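Data block below; observations after.
Residue numbering begins at 1 within each chain, and the chains themselves are lettered A, B, C, D and E in the order written.
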Amino acid sequence: MIGHDVFLPTPLPVLCVGITVMLAATAWRRSVNRSFLTGMVTLLLALVFAGRHTGTALDNGDSLFIQDQWANYTAILIMFSSMCILLMSWRDDAHDRTTSLVDEYPLLCMLGTLGALTMVFSANYMPFFLGLEILGVSLMGLVTFRHRPVMPGYEAAMKYLILSGVSSAILLFGVGLAYGVTGSLRFMPPVTIGDISPALPVSATIMILVGMFFKLSAVPFHMWLLDVMEGAPVPVAAFLAVVSKIAIFSSLVRYFGTGNQPPFLNDILYVVIILTIMGGNLLALRQTSLTRLLACSSIAHVGYLLIAFLCPGRLQSGAITIYLLAYTASTLGVFATIAAFATPDGPDGTVIAQWKGLFFTRPFLASALSLMLLSLAGIPPGIGFFAKFEIAATGVEYQRNLLLGALIIGSIIGLYYYLNIIRVMMSAPSLPSASLNRHVRPELMALVIVLTIIVVIGGLFPARALHPLLPVSAIPSDTEAEMTMR
Amino acid sequence: MGEILLPLLILSPLAASLILFVTAGRMSAYAVGTVACVSMGISAVISVVLSVLLLSGPATGIVQATLWPWMHIAGFSADIAFMLDRISMVMILVVTIVGLLIHIYAANYMRDDPGIARFFGCMTLFVASMLVLVLASDLLCLFIGWEGVGLCSYLLIGFWYDNPVNTAAARKAFYMTRMGDAALLCGMLLLATAVGSLDIGAVLAAVTNGQVTSSAVNMAAFFILIGALAKSAQIPFQTWLPDAMAGPTPTSALIHAATMVTAGVYLIARLHDLFDLATPVMALTAVLGALTILMGACTALVQSDLKRVLAWSTISQLGYMFLALGCGVWQAALFHLMTHAFFKALLFLTAGAVIVRTHHEQDIFRLGGLRHTMPGLTAAFVIGASALAGLPLVTAGFYSKEMILSGVWPAHFRLTHELILSGHFLWGMALLGAFLTALYIFRCVFIVFFGKSGTTMRGQTSRFMTIPLGCLCVLSLCGGIIEMPTTFPPLHLFSALLDPAASHSHADEPGWLILAGAIVPLAGLGVAWVLWGRPSPVMREIPGQAAVIRFARTGEGIDMLYDRLFVQPFRFLTWLTRHDILDYVITGTGRLARTASTSVLRARTDFLGTLALWGTSGIRGADRLLGQIQNGRVRWYAAWIAGGLCAALAMAVLS
Amino acid sequence: MHALALLAASVTVIGAIMVITRKVAVHAVLYLVVTLLALAALLVMLGASFAAMLEIIIYAGAIMVLFVFVIMMLNLGQPDSAREKEWLRPRAWLGPGILAAISCAELLYFISPFSASLHSLAPITAHDVGLSLFGRYVLMVELASFLLLAGLVAAFHIGRNRVEDP
Amino acid sequence: MPVFSFNDTLLLATILFSVGLAGVLIRRNMLFMLMSLDIMLNATALVFVGAGARWHDAAGQVMFLLILALAAVETAVGLAIILCLHARGRPTLDADTGNLLQG
Amino acid sequence: MNPLPALVLLPVLGGGLAWLAERIRPHTGAPSRNASWWMMLATLIVETLLLAMVTFNHPTIRTGPWLEHFSMPWIPTMGIAVRLDMDGLSLSLIWLSLILCFLCACLATRQVTVKAGTFHLLFLTTLTGIVGTFLATDLFLFFFFWELMLVPMFVLIAVWGHEDRQRAALKFFMFTQGSGLLMLLSILGLVITHDRETGVLTFDYFTLAQTHLSPTLSMLLMLGFFIAFAVKLPLVPVHVWLPDAHTQAPTAASVLLAGILLKTGGYGMIRFNIMLFPDAAMYFAPVAMGLGVVGVLYGAWLSCAQNDLKRLIAYSSISHMGFVVLGIFTGSRMGMQGAIIQMLAHGLSAGALFLIAGAIQDRLHTRDMHRIGGLWTAMPRLSATGLFFAVASLGMPGLGNFAGEFLVLLATWHVSPVIATLTTVGLVLAAIYALRMVNRVFLAAPKEDQRPLEDLPVRQMAVFACAMIFLVVLGLHPQPFMTFSAPSPLPVMATNSEGDHAP
C-alpha cells in the first residue's frame, strides 16, 4: 500500500498534487491565470523539494524510483525550464482572442513535466515507459495550441502521434525482449543469463536505443522534430527542445551508464553521432524559419552531447552537466527572445527575415539573442563556449578523432547559421516600426534578463556551475559493476 | 671638430627640407629659395672646411663620426656612422658645390611655381640623402641614402603630377632603380652573412684578408654591380634616365650632375678593393660600360629633344666611368665624375635657361639661331659642349677622358686561362665613343645656336641664374688641370689626393694614345660642322629611314622591348589575377556545402524511392517517383525510423 | 506446439495482414477484431486469462467501437475505397513492405537461436495480477491515471470546436 | 493447459510487429495507420505476457495493462486528430497530402 | 596590487561607461556621442598611465625575463587559472595597441554617428580581448581571449561597415573561429598528454612547456596552433578573409584589424609555436618559410592589381605579414627580432594608411582609385601623410618597416639565400603597389568634378606626426625596441634545440 516505506522522490507527488489541485480548480471555475499561477507555485514547491524523497530505497536496487545527484540535477533543469516555459506562454494564451479559455495549456504543461520527471527518477522500465508516454501525449495536446493558422498544429500533432507511436512500439518491443531475457524490469541493459543466446539482449538493447534516439531526434530518426517544432507554438517548441530532450538524455545516461559501452553499441553510436552532427548542421543551413533552425541546431547539440556520453573519463561528468546547462539556458533564452518579440497580431518571430534590423529597433533583445546564439555556437563569453570546450576535452582525452573532426566541422557550419541570424538582425531594418512589439511583457523581459545573466555568469565563472554537480556518474553502482563485468 | 661637422653637413639640408615640408604653402617663394640656398651654402662651407681638415691631416687620415648603434644583434651589427675619407671628400665637394649652384639657379627658375616649397623640400632632401650615401661608413647606412635618392628622384621627376606622363616616368625611374636596389640588398645580405657587419672598412678588410670565399666575393660584387648599374642607368637599365627628363630642369641637372646617377660609380669606387678580387665582374663592368658609351652616344645622335640629348649623353659619359671602374682605374672614374658634374650641370642649366626663354620649346629643330638673341647662354653651352666633347687642353673633360683612356689601354682581364680580354679593344670603343660624343653634342650646338632663328624669345636670363652658370663655366674649363697625363707636365694632384701612396708610372703608355684622344674629338667637331654647321647643312632634318639611324635608335628600342617584354605582361597578369583565386576556391567550397545540405534534405525522400526503383520496376524513371514523393510525409519519416532500426540491427549482426 | 495454438497464431497473423491490406475501413476494423480475439485466445494459452479478458473487453470491445464510431462520423464513401485501391498498388507498398520484411528478418535472426526454455508456464491468475498491481506497482496505476488524464485533456482540447480565425 | 513456449511467442510477436510496421509504412490512410499501430502495440503486449509467463511474474501482465492504456489513449487522441482534420476541410484521410510542414 | 588584471579589464569597463555615457546624456540635450568619446579617451589615458607605470617600474628590463605575474584560480577542477604574465614582447605589443587606439580615437571614431556609445563599447572590448591575448599564459585563458576579441570585431564590421559588410564580417568570423577550433584541439591534446604523463591537469603555459612529446604528436599539435595563427596573421592560402574584412570594416575597425589583430597571430607563433614546440617548429620551418615567401609575393602581386584603396592596403598587409612568418621561422633570434620590429612598424604604417583611406572615404565617399585623384592640390597635408606612410610600407630604409625587413632577410639569408632573394622581389613589387597608390590617389591630375575638400586639421596632423616620428625612430634607432621587446625565454628550456638556434 502507499505507505511511508515506498521510495518516491518528493517532486513527483508534489506535481501530482498540483495537477489535481489545478484540475479541481478548473472544475470549480475556469480561470487561466489561476491555472498558470497554480502551475508556477507547484513547480516552485517541487523545486524546493527537489532533493528529497519519501521512504527508503530498496537495497537490492529493485525500487521503482531512484534519486541521486544526476537525477536531481536534471530534474532541477527540467523544472526550471518548465517554469520558464510557463512564464513564456502565460499571457500569450490568456489574451488569445480566438479562444476564451485555454486552461488546458498549463495543465498539459504540468503533465508533461510530470512525465519528464518520472523518466528522470525512474529505475524501472515501467515508470520510465509511463513517463515517456505521459510526456508524449501531453506534447500531442500542446502542439495543437497554435493560434493561427491552426492546421499546422494538427498536422504536427498527427505526425508526432504516429511517429512516436511507432517508436514507442519499437522501444516497448525492446523492453519486452529485455524482460523476456532477464525476467526483471530494472532499468538497465539486459545481460545474458543462462542458456539464452547473447543475440537477444543485443537486439533488445538496440531497439531500446532506437526508441530513445527517436525521442532524442538523433539523425536517422530526427525528421519529426523539424515539422513538429515548426507546427507548435513557440513555448511548446521550447518544451520539445529542452524538457523532453533533457529527460530522455537523462534516462539514456542512466540506462547505459557512463562507462565504456559494449562494442556493438560503440559502433552504432559512432555512426549516429557523426550523422547527427553533420545532418543537423547541414539541415540548418537552408532553414528560413527560426524554430526549424533551432530544431536542427538542437539535433546537432544532441550529437555533441552524445560525444561526451561516448567518452568516459575524468572529464565526462563535468562536460555533460555543463553542456546540459548551457544548452538549456541558451535555447530557452532564444525562445524567450522570440516570444518577447512576437506580437498577437504581428509577426510571430519565427521567420528569420522578420528579425531584420532588430539590432537598431530593439537593441537589448537583439543583443540578448545574439549572446544566446553565440553561446549556442560556442563562443565566449557565453556559457556554451566552456561547454563545448569541455566536450572537446572529453573527446581529446579519449582520442575520438573522427568525432572531434565532426565536432569541428559541425561547429563551423553551425557558426555560419547562427551568425547568419545575427547578421540579419544587423542589417538595415525593413519592417515599419509600428508593427514591432512595443510593449514587451515585463515578466518576459525579466526572464530574458535572468537567462542572459545565467549565460554570461556561467560563461565567465563556469567553475561555480561545474562544481556542485560533479558526481554525475551516479548510476546505481551495481549496474556499473555489471557493466564492467561484461 | 670633424665629428660634429660631419653630421651637421647632412643635417643642414635635412633641416631645410623638414622646415620646407612642415611650412608647406605658408612661406613666400623667395623665403623658400632663401632657406634652401642658405642650407646648401652652409653645407658647402662645411664641406670645404672638412676637406681642409682632412687634407691637413695625415694622408690616410679620416674623419669619423659614429652617432648611435643601429642594430646590434647576435651575428650582425650596424651603426649609424659617418666617415670622411679622400674619396668621399671629392664627392661631398662635388655634391655640395654643384648642388649649391643648382639651388641658386633653381630658386629663380622655379620662382613662379605654386609647388615651390615641395620642390625645394625634395631638392634639399635629395642632397641630404646623397650626402648620407656618400658619407656613410656602413653599407646599410649607405642604403638609406641610396634609397633616399631614389625616392627623391621619384618625387622630383613626377613633380608636375598633372601630366600622367610625368608620373609614369617617375615611377619608371623608381621601379628600375628599385630592382637594382633589391639586388644591392642581396649583395649586402651576402656580405653581412659572410662578414657579420656591413661596416665598409670591416667588409673590405675581411675580403682582402681572404675571409670570404671567392665565389661569395664574385656574387656580392655581381649583385652590387647590378645595383650600381640600375642607379647609374647603364645597360640594361638605361631606359629610365631619358624619361626622367620629365621633371623640372634643375632636377635633371641635380640628378645627372651631382647626385643619383653618380651613386653607382661612387659605390663601386668605394668598394674597389672588393671588385679587384672579382675579375669576371670587373670585366663585365668594363664591357657594359663600353657598350653603354656607344649605345648612349648613338641614341643621343638621333634625338630631337634637347634635354633628351643631354640625358643620353649622361648615360654615355657614365659608361666611361664604368669602363674606368671595370679597368680598375677608379681614380679616373672619380675624376671624370667630377668634371662631368661640372659640365653636365652647366649644360643642363643652360638648356633650362634656353627652354624657359623659348616658351618651353625643347625640340632642337624648332629652335635655331639663338646665338644672336642670347649670346651669353650660347657661350656657356658651347663651353659645356666642348668640355663634354673633351676638346683638347682647354677643357676639363679632355683631361678626365684622357685619364680614363690611358687607364683602359693597359688593362686586361684573365677570365679563364685561355680567354683574356684585352683593354685595347675597349680603348677602341671608348675612342669611337669620344668621336660620337663630339659629333652629337656639336650637332646640338649647331642646330640650336646657329642657323636661322626659329622661335620667339622672351625676357632675360636673370642674374641669379647667370651667376651659377658663370661659375660652372669656369669649373668646366679649368676643373681638369689638376690632373694631367704623364706626357704633359706631371701634375697628378687628383690621384695624389685620392691615393697618395700609389706610384704613377704610366711609362708603358705610348704617346700616340694622347694624340688620338686629342684628335678624335676635334674630328667629331669637324664632321658635325660639315653635317649641320654650315649655312646649308648637309642634314637638316632627321632622315628617319636611314638604316644607320634606326640602328642608332637602339636606346629607345630597348625601352620598347622592355615595355613589351616585362611591363605589358606584368600589367596583363596582374589584371588577370586581380581577383584572389583562393577566394574563389573558398567560395566554391561554401557553395558545395550548401548543395550538400540540399541533397541531405532530398535524401529523405530519395531513399525509399531508389529502393523501390531497384526492387520493383527498374523501368520507370526515378523522376516520376520523385515527383510523387514529397517532403513532410509521415510515412517516409516512419520509413526512416524503420530503416534506421534495420541498419542498427544489421550493424549488430555484422559486428 | 499445440494445434490450437498454431491455429490461433495463424489467425492472428492472417488477420493482421488482412487489416493492413483492406480497402474499406470497416472491413479492416472487423479483421482487427478477429485478430484481437485470436490474440486473446493465445493469451489464454499463455496462462494469462486476466489479460485475455481485458483484451477482449477493452480492446476488441471499447477501442474498436471508437474506430467504428469515427468511421461512421467521417462517412467515407465510394470514392474513398476507390482511392484506397489506387493506393494499394504494388508500387506503393513494395518498398515499405521490403523494409518491414528486412526488419522482421533481422529480428527473427536474433530470436531464432533462442532455445526454448523449459520453465513450466504456470498460469498467472487475476489474483496475482491484482496483488502486484495494487501492491508493488500501485504508483504505476497512479501514473497510468495521469497518462489517461493527459490523453483525455489532449483529446478534449483537440476535439473542441475552436473558432477558426479568418 | 497447453504450453505455448516463449520462443513461439516471440516468433509470433515479431511477425505481428513487422506486419504492423509494414502497415504504418504502406498505408496512407490515417485510420489504417492507427490500426497498424494497434497491431504493433498488441505484438509488444504479447511479448510481455509471454515473458511474464516465462518468469512466472505478474509484472508482465501489469505491463500489458499499461500498454492497453497507452493504446487506448493513443487511439483516442489519434481519432480526435483525424476528426478534427476532417472537420477542418481536409478532404481525405491521406496522411501524405496537404503538407504544411516540410522542407 | 598587480596591474595586469587591471590592464585587461580596464578597457571593457571603460567601454561600459562610454556606453552608459551615451545612454544618459540625451535627456539634457547635449551631444551625447561626445560624452562617450571622452569616456573612451579617458579610459585609454588611464590604461596608458597604467602601462607606463608597468614599463617604468622595471628600468632594468633585461634582468628578469618576465616583468609581471598574476595568478588566480578560475576553474580549479580543470586546472584552469587566470594566469597573466608580461614580458617585453607583450609589453611592446600592448604599447602598439594603445598607440593605435589613440590614433583611432583621435582620427576615426568621432566620425561614428550611429550608436556611438555601442561602437566605443565594442571597440574597447576588442581591445580587452587583444590585451588579454597578449598577456594570458594559461592556454585556456588565451583561447578565451582569442575567441572573445572576434565577437565585437564581428559586430563592428557587420554594423558600421561599408556596403558589403555582412558577408565580410561573416567570412572573417568563420575563418578565424574555425581555425581557432583546431587550436583548441591542440591545446587540449597538449593538456591531456601532460595529464597522462604527470597526472596533473593544468593549462599553465610554463608547466606544459616541459611536456615530453613524441615528434609526431608534437608536430600535430604544433600544426593545430600554426593553422590558427596562420589564419589570423594571415598566411597565404588562408588569407581570403582579410581583404574583405579590411575593406568593409569601418575605419577604426580596419586600423584595429590591421594594426593589432593580425599581430596576435605573429605573437602566437612566437609564443606558442616556437617556444612550446621548438623541435617541431624547426622541422616545419622550411614549409612555413615557403609559405611566408609565397605570402610576400602573392600579397604584393595582388596588391598591385587592386583598384580599391583599402583592398590594396589589405593585400599589402598580407605581404608584410609574410615577412613576419619568415622571420619567426628562421629559428634565429635575429629573425624573430626582425619579425617583431616588422610587426610594430607594420602596425603603425598600415594603421595610418587605413586611417587615411578612411579620411578619403569620408570626404569622397568612394574607395575606387579610378575615381579619386589629385588630392595633393586639395589636401596637401593628408596627401603628404599618405605619401609618407606609403613610402614606409614600401620599405624605405630609415623607417621602421625596413629595419624589420632587413633583419628578417638577413636571418633568412643565413638559412637559405634562395628564399631571401625571392623575397627581395617582394620589395620591388612593394614599390609598384605603393607608388601606384600614390600616383593614383595623391600625386595625380585632379578629377574634374571635385568639390573643395577639407584638409586634415592641424590637431589630427599632430597625431599623425607622432606616428611618423615613431616610425622614424623605429627605423633609425630600433635597438632599444629590440632589446626591450625580446620575448622572454621559458624559464626551463627543453634544453636541446633552442640553444643552438638562438644564441
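Keep in mind that, in the parts below, contacts are C-beta pairs under 8 Å (C-beta built on N, C-alpha and C of every residue); 3 or more make two chains touch, one makes a residue touch a chain.
By chain, with names taken from UniProt: D = NADH-quinone oxidoreductase subunit K.
Source: prediction; values computed, not measured.
Novice: By that same contact rule, can you tell me which chains touch subunit A and subunit B alike?
Specialist: The common neighbours are C, D, E.
Novice: Looking at CA centres, what chain is most distant from subunit A?
Specialist: Centroid comparison gives B as the farthest chain from subunit A.
Novice: Among the chains in this structure, which pair is joined by the largest number of C-beta pairs in contact?
Specialist: Counting C-beta pairs in contact per chain pair, the top pair is C-D.
Novice: Could you tell me which chain lies farthest from subunit C when each chain's centre is the average position of its Cα atoms?
Specialist: Relative to subunit C, the chain with the farthest C-alpha centre is B.
Novice: Compute per-chain Cα centres, compare each with the mean of all protein Cα atoms, and return the closest chain.
Specialist: It is chain E that sits nearest the middle.
Novice: Quick one: report the Å distance separating subunit A from subunit C, using the average Cα coordinate of each chain.
Specialist: Inter-chain centre distance comes to 31 Å.
Novice: How big is the gap, in whole Å, between where the Cα atoms of subunit D centre and where those of subunit E centre?
Specialist: 65
Novice: Quick check: how many Å separate the C-alpha centres of subunit B and subunit E?
Specialist: Distance between chain centres: 36 Å.
Novice: Measuring from the mean C-alpha position of subunit B to the mean C-alpha position of subunit C, what distance in angstrom results?
Specialist: 99
Novice: Multi-chain contacts in subunit C: which residues touch at least two other chains?
Specialist: In subunit C, 96, 99-100, 103, 106-107, 109-111, 114-115, 117, 137, 140, 144, 147, 150-151, 154-155, 158, 164 touch at least two other chains.
Novice: Mark out which residues of subunit A touch at least two other chains, giving numbers and ranges.
Specialist: 126, 130, 133, 137, 140-141, 144, 149-150, 154, 157-159, 162, 166, 202-203, 227
Novice: Which positions in subunit D are in touch with at least two other chains?
Specialist: Residue numbers touching two or more other chains: 6, 10, 17, 20-21, 24-28, 33-34, 50, 52, 54-55, 57, 59-60, 62, 66, 70, 73-74, 77, 81-82, 84, 88, 95, 99-103.
Novice: Can you give me every chain pair that touches, using the contact definition above?
Specialist: Per the contact definition above, the touching pairs are A-B, A-C, A-D, A-E, B-C, B-D, B-E, C-D.
Novice: Please output the residues of subunit B touching subunit C within their complex, sorted ascending.
Specialist: Residue positions touching the partner: 608-609, 611-612, 615-617, 635, 639, 642-643, 645-646, 649-650, 653.
Novice: Can you check the complex and tell me which residues of subunit A touch subunit D?
Specialist: Touching subunit D: residues 125-126, 129-130, 133, 137, 140-141, 144, 149-152, 154-159, 161-162, 165-166, 168-169, 172-173, 175-177, 179-180, 183, 185, 226-228, 230-231, 287, 292 of subunit A.
Novice: Quick one: in the complex, what on subunit D touches subunit C?
Specialist: 1-12, 14-23, 25-29, 31-32, 34-36, 38-39, 42, 45-46, 49-50, 52-62, 64-66, 68-77, 79-84, 86-88, 92-94
Novice: Can you name the residues of subunit C that touch subunit A in the complex?
Specialist: 106-107, 109-111, 113-115, 117, 134-140, 142-144, 146-147, 149-151, 153-158, 162-165
Novice: Touching residues of subunit A toward subunit C in the complex: what are they?
Specialist: Those in contact with subunit C are residues 1-2, 6, 8, 16, 19, 23, 64, 98-99, 102, 104, 107-108, 111-112, 114-115, 118, 126-127, 130-131, 133-134, 137-138, 140-141, 144-145, 147-150, 154, 157, 195-197, 199-200, 202-203.
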